[in-house]
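Naming follows writing order (A, B, C, D and E), and every chain is counted from residue 1.
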Amino acid sequence: MTDSANMVLMVATVLFALGLVGVLTRKNVVFMLISVEVMLNAAGMAFIAAGSKWQQPDGQVMFLFILAMAAAEVSVGLALVLQIYHQHKTMDVEDLKELKD
Amino acid sequence: MNSLLAYIPALPLLGFIILSLFGRRSPKPVIAWVGAGTVCLAALITIAVGVAFMQSTPANGAYSQLLWSWFRVGALSVDINLRVDALTLVFIFIITFVGALIHIYSAFFMWHDRDMARFFASMNLFVCSMLLLVMADNLVLLYLGWEGVGLCSYLLIGFWYEVPSNSRAANKAFLITRIGDTALLIGLFLLFKELGTLNMNAIQQQAPQHFTTGSADIVLITVLLLVGGMGKSAQMPLQTWLPDAMAGPSPVSALIHAATMVTAGVYLIARMHGLFLLSPVTMAIVAIVGAVTLLVAGCSALAQTDIKRILAYSTISQIGYMFLALGVGAWSAAIFHFFTHAFFKALLFLAAGVVIEALHHEHNIFRMGGLRKRMPEVFITFLAGAAALSALPLVTAGFFSKDAILWYSWSSAGGTSVLWFMALVGAFITALYSTRLMLVVFWGEMRTPVHQQPDRGMVIPLIILAFFSITAGFIEWPHNMLHLSLFSDHVQQVLPATVMKRDLPSEWLFQAIATVITLTGVYIGYMLYYGKSGVRWQQSPPLAATRDFFFSGWKFDQLYNFLFVKPFLFLTRVNKSDVIDKLYNGIAQAGLRLNGWFSVSQNGSLRLYIVGVLAGILFIITLQLLL
Amino acid sequence: MSTLFYISSIVAIASTIMVITRYHPVHALLYLAVSFLSVGMIFLSLGAPFVAALEIIVYAGAIIVLFIFVVMMLNLGQETAQQEKEWLKPKVWVVPSALVLVLLAEMLLLLFTGSQQVMQVSQVDPRKVALSLYGEYIIAVELIGFLLMAGIVGAAHIGKHRKPSLHRFLQNGDTEKEKAMPVREQEVISNEQTVLHD
Amino acid sequence: MILVLMIGILLVGGLTCWLVAQRYPLMGRLIALIAVIIAFLLPVGWYAQYASELTVTGNNWLIDYQVNWIPAFGISFHLAMDGLSFIMILLTFLLGMLSVLCSWNEVREKTGFYFFNLLWTLAGIAGVFVAMDLFLFYFFWEVMLVPMYFLIAIWGDFNRRYAAYKFFIFTQTGGLLMLLAILALYFIHAQQNGGQFTFDYFALLNTTFDNNVTARWIMLGFLIAFVIKLPMVPLHNWLPDAHSEAPTAGSLILAGLLLKTGAYGIIRFVLTLFPEASASIAWWAMLLGVVGIVYGALLAFAQTDLKRLIAYTSVSHMGFVLLGVFAFREIALQGVVMQLLTHGVSTGALFVLAGMLKERLHTRDINQMGGLWTAMPHMGALAMVFVMASLGLPFLGNFIAEFLILMGAFEVSPVLTIIASAGLVLSALYSLRIMQKVFQGQLQTVSEPPKDLSAREWIIMASLTATIIFLGLYPQPVLDTVQGFVAQLARSNL
Amino acid sequence: MTNLQLLALLPFMVLATAAVVVILLIAFKQSHTVIQVTGFFMMCAVVLAMWFVRDTLPREVPPLLVVDGLAALFTGLIIFSVLVVGLLSYIYFEEREENPKEYYILLFLATLGAAVLTISRHFISFFIGLELLSVSLYALIAYLRNRNNAIEAGVKYLMLAALTSAFLLFGMALIYMETGSMEFTAIGNAITKSGTSVLFLMGIGLIVVAIGFKLALVPFHLWAADVYQGAPAPVTAFIATVSKIGVFAVFVRFAQAIHLHENALAVTVLTVIAIACMIAGNVLALMQQNIKRLLAYSSIAHFGYLLVAFLSGDAGVGAGVFYLLAYSITLLSAFGIITLLSTRRKDADELSGYRGLFWRNPLMAAIFTVALLSLAGIPLTAGFPAKFFILTVGVQQHMWLLAVVLVLTSVIGLYYYLRIISTLFASPPLSPAKEKSLHPLFYAATYTSLVVLMFLLAWLGIFPGFIIDNVQEFLVIR
């Protein structure tokens, strides 16, 4: 049972949950982005595990795409972070509350 | 003759249409001629029809004319069909003849009123409706006339609508009679349900086969009809509207609230006698209602100070006599009393109208007085009327009709000593208040100056009516005096003869007692009210209290006010803005409240939004765990 | 193999916990690098050496550098750490963390109830990956090129700033990012052309 | 085809009004009037031409026109007219013409759009009365709402927006429930007939329900929509607001026509499609009808706002309709049809009067009126006619209606009928109050007294008066026209 | 890859080329107008290409893509919407000082992403399409970066999109782990063979999170209002239509493949979500004074309605497509009006600004009114048959609860639509708003297209039969 896919999956789940905790608890946009990266990484890990389980390359291919997507996302995200910092002089998402009911 | 029937109601209707469409722009003589002329013409036709009827009674005892089919639905078929039989003839004669006199009188009486056209239009419409009421061959058409007269009564009571109390009185009259009308309507439904027809002849014929005597259905039907009659005829306990109805012009009081409309209840019961005979209970109720009413109203008349109110209570009381007669089965006596009463009460009202007019609209009899010298024609005609009202023996029409009722209230199969005694007390009271009225108004010193003398045109109808008040009774004599029974012979073509008790005491005895009582009443009235003594004796507290009690009409108004009006007004005031609306507004409020709560989630905080996502996934996973 | 997996798992989890609890951004990023490295080790243990390498090159190499670049550019240092310290009160994190914990517990519970078959870990060599990447998934590769193009154009546009004093830095920032992926974009366009010509 | 033409003329006329009025503001009303008159003359002329043939054949359905609309769902554009529809159509266009006349001077701004809405409402109502495809029926049912909403919301009184919302939301709630019910019926029918999907009324008539509960739920879906429109207590709350805030023509159409669509729907659809189910709730429906009669009357009496007062009288009068419909007796059903006509005319007339008063006095509060008979004897007399009509005086049509309803209902439930008859007394109470407060008493206005009726107003009121008196004295033509449908209905529901 | 397969992909390639062409045009320093016109014609070319390839359908391009009737329908819808959005964008962005050119690259890339979603039959294409859409949208939303709100909206969208992408990926991984395939049909086959397992269901649940986020379903809807408000009006229109159509398309395809409707858990979850959407969307909109936010809430509700069609399974697809069509036209005309009324400084999103619009500009108000009536589902507008068809399938599938909730919540919905309408028709404020005179040609073109949209709404409302028949014909191609 040591090497069962479930074990990997569990680690991935834990990492995923940790990322989620990060997103939820941090107020700094940069930290939130970091946490999201952790989550994406965990998802990628799950794919690798699944790919290994079925001995297919698809899991790894997917991981590659996740990688690319994470990069694109982070680039846009960081550009936004720059704008926020320039406009608000803060990184706190709680300060971004002008759009509300 | 059949084809003439339609003209009788149609002429006044024509008058109404002309006056209501063009009345406002017509000169007064035209109005007067149209208004009075149509009714006079109707009266002439009526007399022609009557003569023809007398000469050769038609085969089935009635003329009839089918105008058009009103509505036919399924089993229900209602036609506009006029029918004149002996009973109807009496009524249409009174309506058109007395009506014509009153119209002539009104032409002068209302000359100076700016709404003369409206007055005559309403009066004509009234005559038309009243004619339809009595000429109807089915109950729906009768109901049409029944409501129509109610409408005209309403319009005319509130004729001087600028005074709020007048329109209130009109409303009251309409509403209280409406209660009766509704009962009548329900009676119609019940009748139709039972018999499948509303044709009065058919009802009379089928009823004995269909109903067993005294069965619940027939009692219910007759009681409902009775309530309808009580409303229109101002019988206890629906009598309170009539005194207030005196707010209308005097001719109105004379025609509608004395001679014709208020006797519609009498007509209805007489017309439906076939049903009533099947229900002894109802007959007893009719008699009791009549007896009680005549006493209550008589007492009230004693205490009134307004001349027209005295006459109004007197009317109630006299109609009580008619009901009493109907209740004991003295059908022709009741109709006879209606016949004589129409003359003398119309006369009294018209005369009162002249007096009131002459004294600058003074209604209080204690501010009148001494008019005997000033207005001799009025005095004499009024005296004739009052005498007839108090039924002075032999010389007045009232005596003949009332005596018959007194006699039958004991002697008929339905009569009892109690009823007789009540009627007797009523006769005493009648004599008393008639005397009081005469003495206070026409004797004594003059308290208000007479500022105008009546027109000739007003006096002539008075004289004619006075003549009939004296002589109308001579066509029907008590059996023990003279064997002359023209009236009852005529009426009994339709109405059954009165069933008598056996072993009765001599009728003379009763006539003697009645005469004594009447004269005693006159005498006591003379003692009390001649000169200035009239006021002093009333000052003692118990008497004053009684007087006030009577004056207020036995506090019926206050009672109804407390029982019905106040609660009703309270109910409507409380619920003015519709409680149910609160429910919907509550729902709307709840929606807005919910919106407020939901809106909190949209506070712009990204972290909350993430929590939302988390909540969603938690929900899904938890559900998965549970399922 | 399993030992490697367990050790690196523990390291990954531990370093990830550090990532989300650090106040100083740079510290967090360093722990993130550790986390990525250990995840790379896990990949290795699962028989995926190619992605393990990519994990380290791209994630630990490129993406974290990007972060660090922004952190440095905005000068997020001790001050930010101080702020983070103020923000991260238990009041703030207890409830969300508890919720996530519940979620985690549920997910793990479900995972345990799932099938427990043993997995034969076997090497999936880069060749296989490459073949399928440029074989059946070639359209996906092209599309991912477009994705990156979107990322670049977007970042370029948003990153621009109109204030002249900051203009120079921003220009640099854009070029840096463009530099981070120049190869891929070329690749995309060429692929597009090949497809069109085939 | 004539029916399509009739509706089409209104729709096109409405658009023309709108477009023309952009340039010539006063032309709109003329075009509107012409359009309605043509629409009125079409069926009347047609009837005059073919009436004799129709009575011979004994076919209830005078016209039947059907083309495919959305065949995929079995939806067709199916219009048909029988006696009942014909009568309702006549009423629609009679009141339609009067409503255009009413608005002649009242609406001074945005006339084009106003008449557009007016004509489209009329078109929707006319459509409702002739649509024989349930989808089409629902379609028209909604089409009449939106323009009506605009009429209230734009040209209404002070509180118009609230009233308009309330009107729309109430009726739409019912409408959507009806849509659900229609769909349920549609599928049940298709299931029984081997997947033959159709919304056609005549086809759906053959639907049988093996399950009483289902039938009752579906029936309730229809019924709720209709009783909201009717309106039945306690779903009546939109009515006082809508009626009192709407412009005169709006009130006229609301009271005269829109309420009738509810009653029409019950008669045409609820009773025929669900005979058993409607019989099973008949007593409750009658009870609610009676509650409506009494409750509406009580509230009417309490009001001081004239239009609101009249609005509550509608609640009361429509209670009679509910009572009569669910008695399932021919007499009562004939009475209901009469009531629809006469109430449309009489209450419409009262609203027109209220509108005229408001135009002159700028208030609807009856406490601020009084003694107007002196200033306006003609209006007073006409008001008297309609007040009397409202309290059910014989001579006038309402009496026939209420008499027949009560007589029919009496056979079924004497107790309820007796309570309903008490409504007659109450109706006298509130009706007379109108006269007393508005026309009797001392003239209150300080400035110059208001003018009596103008010629245009005379035409409106005279035609209404003539109608109501004609209906009161000679209702037989109406009764004969609907006889076929009603008799069949009463037979099948007994 | 055969020629036929390539041919089937032709529209998508044209779409991709459009983005590249725009880049080239920017490189050659062409003006905004040129780009706009070129973009317009490129989109038309896509439509032409679709027309050209329609006979070769259905065509699978294994393993990632399949071009069939459903895809054609949804792609057509997307392209149609983008055409309008593009037209709106010209006026909107030309007014602002920002450089509007890159906008079109992003717009076309996002469109490409949505279009790829409609043809994807594989997790990879699903994922990439979704991300292409998302990443372009991040930039599009924050495109007017100098307005604070745009950045805020962008960050919110980005953060949530990234988060839910992670969920999506994790879910996909779980499913892959369980079934050994990422192809929809293969997954479906595996499921029918071995039955649904815990992991699979969990995967579905996680995927639902991502889809729910994109479609703004409750409880993943919280971003919607903020992003709608903060984004430029044409972009909002894009989010409301194109992005949702794409995601819905892939969801439909995925659900069909794995027989989601037979899964009690999924049905329960989606039912609850649908009900929550209908209630929350409508209730949230009740008092909203900002039209863009209000439309966001209303779209939440509308996707609740759409879920009813979705839950009806195959029977509901036609109804769903029709609904989306009606909804898109409606929203596009609504946002068209908002765009036309927006000023240089601010989007026209305050309800108070619309007061008395009808008397100032009847045509515009009429278009807006028709759009609102259509949203409310009133006959004579497309919204009515749309809602009707949904109810029809709902009733057909005996989903009484949903049908009743739909009915009752649309009553709530009436209130706020009526509120706007009555504002449009209220008496106008005294100061007359000045008319814009810029770019008469494009102004007129936009105007005309909005009028055309209005007539489309009416046409669909009165004669939906034609469209329904065609949709059914297309759906058979599979």
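What we mean here is this: a contact is a pair of C-beta atoms (placed from the backbone, for glycine too) under 8 Å apart; a residue touches a chain by one contact, two chains touch by 3 or more.
Keep in mind it's a predicted model, so treat the numbers as computed, not measured.
J.: By label order, what chains touch chain A and chain C together?
T.: Chains in contact with chain A as well as chain C: B, E.
J.: If every chain is reduced to the average of its C-alpha atoms, which one ends up farthest from chain C?
T.: Computed centres place B farthest from chain C.
J.: If you average the C-alpha positions per chain, which one ends up nearest the average over all of them?
T.: The most central chain here turns out to be D.
J.: Counting C-beta pairs in contact, which chain pair ranks first?
T.: Per chain pair, the contact count peaks at A-C.
J.: Specify the chain most distant from chain A by Cα centroid.
T.: It is B whose centre lies farthest from that of chain A.
J.: Between chain A and chain E, what is the gap in Å from one C-alpha centre to the other?
T.: 26
J.: Averaged over CA atoms, how far is the centre of chain A from the centre of chain D? Could you give it in whole Å?
T.: From the centre of chain A to the centre of chain D is 64 Å.
J.: Using mean CA coordinates as chain centres, what's the chain B-chain E distance in Å?
T.: 78
J.: Could you put a whole-Å number on the gap between the CA centroids of chain B and chain C?
T.: About 102 Å, centre to centre.
J.: Using the touch rule from the top of the page, what residues of chain C touch 2 or more other chains?
T.: 96, 99-100, 103, 107, 110-111, 114, 137, 140, 144, 147, 150-151, 154-156, 158
J.: Indicate the residues of chain D shared as contacts by at least two other chains.
T.: Correct list: empty.
J.: Residue numbers in chain A touching 2 or more other chains?
T.: Where chain A meets two or more other chains at a single residue, that happens at 5, 9, 19-20, 23-24, 27, 33, 44, 49, 51, 53, 56, 58-59, 61, 65, 69, 72-73, 76, 80-81, 83, 93, 96, 98-101.
J.: Mind giving me all the chain pairs that touch?
T.: Applying the touch rule to all chain pairs gives A-B, A-C, A-E, B-C, B-D, B-E, C-E, D-E.
J.: Given the complex with chain C, which residues does chain B contribute to the contact?
T.: So the residues of chain B touching chain C come out as 607, 611, 614-615, 617-618, 621-622, 624-625.
J.: Can you list the residues on chain E that touch chain B in the complex?
T.: Those in contact with chain B are residues 155-156, 159-160, 163-164, 167, 198, 201-202, 205-206, 208-209, 212-213, 218-223, 225-226, 264-265, 268-269, 272, 280, 283-284, 286-287, 412, 415.
J.: Show me the residue ranges of chain A that touch chain B in the complex, using the header's touch definition.
T.: Counting only chain A, the residues touching chain B are 20, 23-24, 27, 93-94, 96-101.
J.: Going by the contact rule set out above, which residues of chain E touch chain A in the complex?
T.: Touch list, chain E to chain A: 123-124, 127-128, 131, 134-135, 138-139, 142, 145, 148-149, 151-156, 158-159, 162-163, 165-166, 169-170, 172-174, 176-177, 180, 182, 225-227, 229-230, 284, 288, 293.
J.: Enumerate the contact residues on chain B facing chain A in the complex.
T.: Against chain A, chain B makes touches at 599-600, 602-607, 610-611, 614.
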